[in-house]
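When the chains are written out, they are named A, B, C and D in that same order, and each has its own residue count from 1.
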Amino acid sequence: MRCGVVVFPGSNCDHDVYHVLKHVLDQEVLFLWHGDADLRDCQLVVLPGGFSYGDYLRAGAMAVHSPILEEVRRHAESGGQVLGICNGFQILLETGLLDGAMRRNRSLRFECRDVYLRVERDDLPFTSDYDQGQVLRMPIAHAEGSYIGSEEMLDELEESSRVVFRYVTPDGADATGEDEERWNVNGSARAIAGVCNEAGNVLGMMPHPERCAEQVFGNVDGLAVFAAVAGAGARGLGVLS
Amino acid sequence: MAVKARITVYPRPEILDPQGKAITGALGRLGFGQVTDVRAGKSFEIELSKKGRNVEKVLAQMCEQLLANTLIEDYSVELLDGGAKK
Amino acid sequence: MAVKARITVYPRPEILDPQGKAITGALGRLGFGQVTDVRAGKSFEIELSKKGRNVEKVLAQMCEQLLANTLIEDYSVELLDGGAKK
Amino acid sequence: MSAAQEPAVNQRLAVTMGLNKEEYVRIRELLGRKPTYTELGITAALWSEHCSYKSSKVYLQEFPTQGEHVLQGPGENAGIVDIGNGWVAAFKMESHNHPSFIEPYQGAATGVGGILRDVFTMGARPIACLDSLRFGAIDAPRMKHLIDGVVRGIGDYGNCVGIPTVGGETGFHSGYDNNILVNAFALGVARRERIFNAVASGPGNPLLYAGSRTGRDGIHGATMASESFGAESESKRPTVQVGDPFTEKVLLEACLAVMRTDAVVAVQDMGAAGLTSSAFEMADRGGTGLRLDLDRVPLREKGLSPYEIMLSESQERMLLVARRGREEEVARIFERWGLEVSEIGEVTEDGMARIKAGRKEVANLPIAPLGKNAPMYRRPVEAPKDLSKRQAPPEVPQPDDLAGTLEGLLGTPELGDKSWIWRQYDHTVRTNTVIGPGGDAAVLLLKGTPSGLALTSDVNPVYCSLDPSSGGSQAVAEAVRNLACVGAEPIGLTDCLNFGNPEDPTISWQFRECVHGMAAACEALDVPVISGNVSFYNETEGKSIPPTPTVAMVGLIPDLASLPVAHFTNSGDRVLLLGEDYGEFGGSAYLRLLHGVEQGRPPKVDLRAEERLADLLRFLAFEGILRTAHDLSEGGLAIALAEATIDGGLGADLAVDIDPVRLFSETQARAIVAVAPHDVERIMEEATEFEVPITELGSVGGDRLKVRCDGATLDAQVEDLYRSWSTALPRALDF
């Protein structure tokens, strides 16, 4: 599949995503410059992590007005696949392609560590190589990852099954009580870690699947996100247990 | 004529403000027990090269488009006295 | 009687304000070419349980001790009308 | 400030700027006239300790700087080593102690910014940082604020630029109550043929200025002019520099892109002493001269004087020498990244720096005498009078409850978990981090090759203060040992030598001794010094910090396939101790943290034993025999074993034929390893072959750490050890 990784001036996970798509999954990958209003026929567009414009003001706020974002919007609205990771997720929220907003983490500090996610939907192009209920271990690395929205919006999100990943305990249970602070590290509403749009072709997630996609890191839980959407079939690659 | 404005952006009242809460706690520990609540927001001082007719409207547009996330934040615009102030 | 105050904290004029610089640039790209400068600061709305005599002094102390980094920031304190305002 | 308002140049002014009488006479003689105000400022900056290394140079010459991997030794912005497969690594460490004490957040942040620029200036893309931090006692005034600010500053800056901080160290000691240390290390990689040097060559080539505009930031207290400046202009000069990591990130990308063309000849960042040092150093290396037109320097605010422009330490700025005729190509690349470029002068042939502002020449100085041939001092040295008293053998009380003693040690901020710190650093971005913070050494993947890089930073200031020479050797030896635990062979080191006032003979003595010890260890263990930094004047009100020669070492791992880890991984694995204990407690954590005693001779450093141990560990790791390897350092065997159980949650059942207190002895050249039972015989043989003493201790398994000694048994629940250890720092900080 032809994949595009958008490069904002302050993107810093662009090369990591490129590496997984290109060298681990052997896909065709291009970097897409934020200043060009052109997706160059990419079928999958990834908005990578980083600090697009320094994340001054609010994470992702300034990236929304880049020329390429108009094209990303058009792509998404015509059913094309868009994946936003970390800062990419924040940008998708700011554009309104996904619902909700981000606040600073509950600790008011940057948090870089492994968390556990439960796959809530396995019928999306990005999650079809997972099973619903499957628990994944993935690193997070962000300061503004506390997902938030009005209660009505959150209810609607749940009713239309747009929550794709949720922070859970290592054995996949909802984190409650004391566990809540420990496993829902950033304090997201309803422990939401990733959401999609109504049509299911746009996914945003705070954890970094590209950082756990090779055996050498002792964790390949994230590979299937890319493998599934690129049609590379992670199961076929034999990397999923 | 140049003009100066101040824009203030606050989290909406119904939104939990973890930073404000943390500051309330910290002030309490510092001995300022009389502080019952703190809301933490942002303030921007903006200089415009010319006044134009609709300067307030233009400033509101800046807020809508960039300075505030209106899903979770409210903003207010205030003109500072016409460029005179340094 | 309860009292409400607003504290505004800005980077000192001679200090680099990367956030203000970035916002100026972003507003320019959005077509707000008339914006010549933005300074980005913080705003705090503080509620105190009782007025006390020296409320302004107390607020200044809070700034000195916690809310502002006086090496690189200036602050100003403003009393909002006596708890009436919501 | 116009030139007319500049204070009159005289000896008194020179002294307030930091020059001494002889130096003032020297510059007058060099010029054959009185220097101008701007010239005096430039001279004072270039001859400052920070830029000239005038008190340390004579000793630094002792360091071995050659080695089979070394491509660039000290003298450049960063040293460079060959790491194979056509790749090189550039690395360096630098201090940002004083700024961090004044304003911890910005001080630490700009420290990271500066060291990153030193690395990408060499054409290398930064891929990892380390930070070595020394704080005072946690309860000292302002200390929590300092800790919080420093950690946030390092995190926010590195995280935004996207360089992982993969390791470091954190110490607490009341000796740093009024002078904390923030030492930042960065490493970058480049293709061998892409190395860049900061050598201004080609007379006629334009000097280009890129990055942030120049403000009044950080024009240094030491070089600040006299009273006659008036309170007003002084208050206009912020001593605190504010970092802008986003600008750093785009500057990095633009510089690397420009260096891939051959449109530029040299690049150097404007670090300490700003435009002055970058311009003079580049010309000095090239034996060329330069012409500068200060009217063309982009300014953040109006009205900066030539002196201020030359000495501003505004961050995120670079000076480039382009090839004449290619300026536009360079400008286009910078513009793509949203950055301004201005031509501010050109390279000349005559070895002079001619600096013009308006129509006036404000400086006309010879370059080499101010740089390469700056003054150099051999300061008087004298051993401290109380040395023998402090080195007297300490009394070593027996622990009454071994488990309690161990938990007590693990529960101190010194020996407790540091993850509260390094979780605030992105340590996994760039997807090279195989082992991040928390192990003995960090391990990075070199994508596209089977090999890896290992990084560590070490020093024990208590040892250094009790015996600087031995402490200096120990820092190097411990770094080698940490690398060996992940199977890495050291290929180079960089250092940050943090000391008090060198004009005090006892401080100069400490410095000489430390360097001497380090140099001896570098020779013996075959590790060249390829870059480094000296930070003097770390003292407040006459009280100096403990001597702290931080060592950051880089090693090469031929194959990552058989990497051991620092904790136990398999029930049933056999645990063995390598090396021999001599019951050494001088400067030990046991005495210092539990009994408040800092006395005695620190553990002897047997460099031959260290070498044999490191050789053995590397060999075993390469052979794929080691499942666990962890070196012994502060807290001795007990702490090493506890750490090995904590991370994997697996206990061990062990016995060792020693006096119980010896569990806490800090004899060097030791490590614990764990191997599969069928490898025990093999490891015994190899240890004998390598002449490393070896003792079988027992097996991994269960949920308790049990160590039977002579007449007493340490018996603790791993969960309890974990709790003491993991809550130590957050509890002490109480945020």
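The criterion applied here is as follows: contacts are C-beta pairs under 8 Å (C-beta built on N, C-alpha and C of every residue); 3 or more make two chains touch, one makes a residue touch a chain.
It should be emphasised that the depicted structure is a prediction, and the values quoted were computed from it without experimental measurement.
Common neighbours of subunit A and subunit D, listed by label, are C. The interface with the greater number of C-beta contacts, when C-D is set against A-C, is C-D. Taking each chain's centre as the average of its CA atoms, subunit A and subunit C sit 35 Å apart.
Each chain gets one centre point, the mean of its Cα atoms, and the points for subunit B and subunit C are 8 Å apart.
Subunit B and subunit D have Cα centroids separated by 41 Å. Each of residues 18, 22-23, 26, 30, 40 in subunit C touches at least two other chains. Residue positions 53-54, 56-57, 61-62, 65 of subunit A each touch two or more of the other chains. Those residues of subunit D in touch with two or more other chains are numbered 244, 246-247, 338.
Here, these are the chain pairs in contact: A-B, A-C, A-D, B-C, C-D. Considering their complex, residues 18-19, 22-23, 26, 29-30, 40 of subunit C touch subunit A. Of all the residues in subunit B, the ones that touch subunit A in their complex are 11, 14-15, 18-19, 22, 42, 65-67, 69, 71-72. Per the touch definition, subunit A reaches subunit B in the complex via residues 57-58, 61-62, 65, 94, 100-101, 103-104, 106, 108, 146, 148-150, 187.
Those residues of subunit D that touch subunit C in the complex are listed here as 102-103, 105-106, 212, 215-217, 236-238, 240-244, 246-247, 300-301, 314-315, 338. Those residues of subunit A whose C-beta lies close enough to touch subunit D in the complex are 9-10, 12-13, 15-16, 19-20, 23, 35, 49-51, 53-56, 109-113, 139, 141, 143, 208, 210-211, 214, 216-217.
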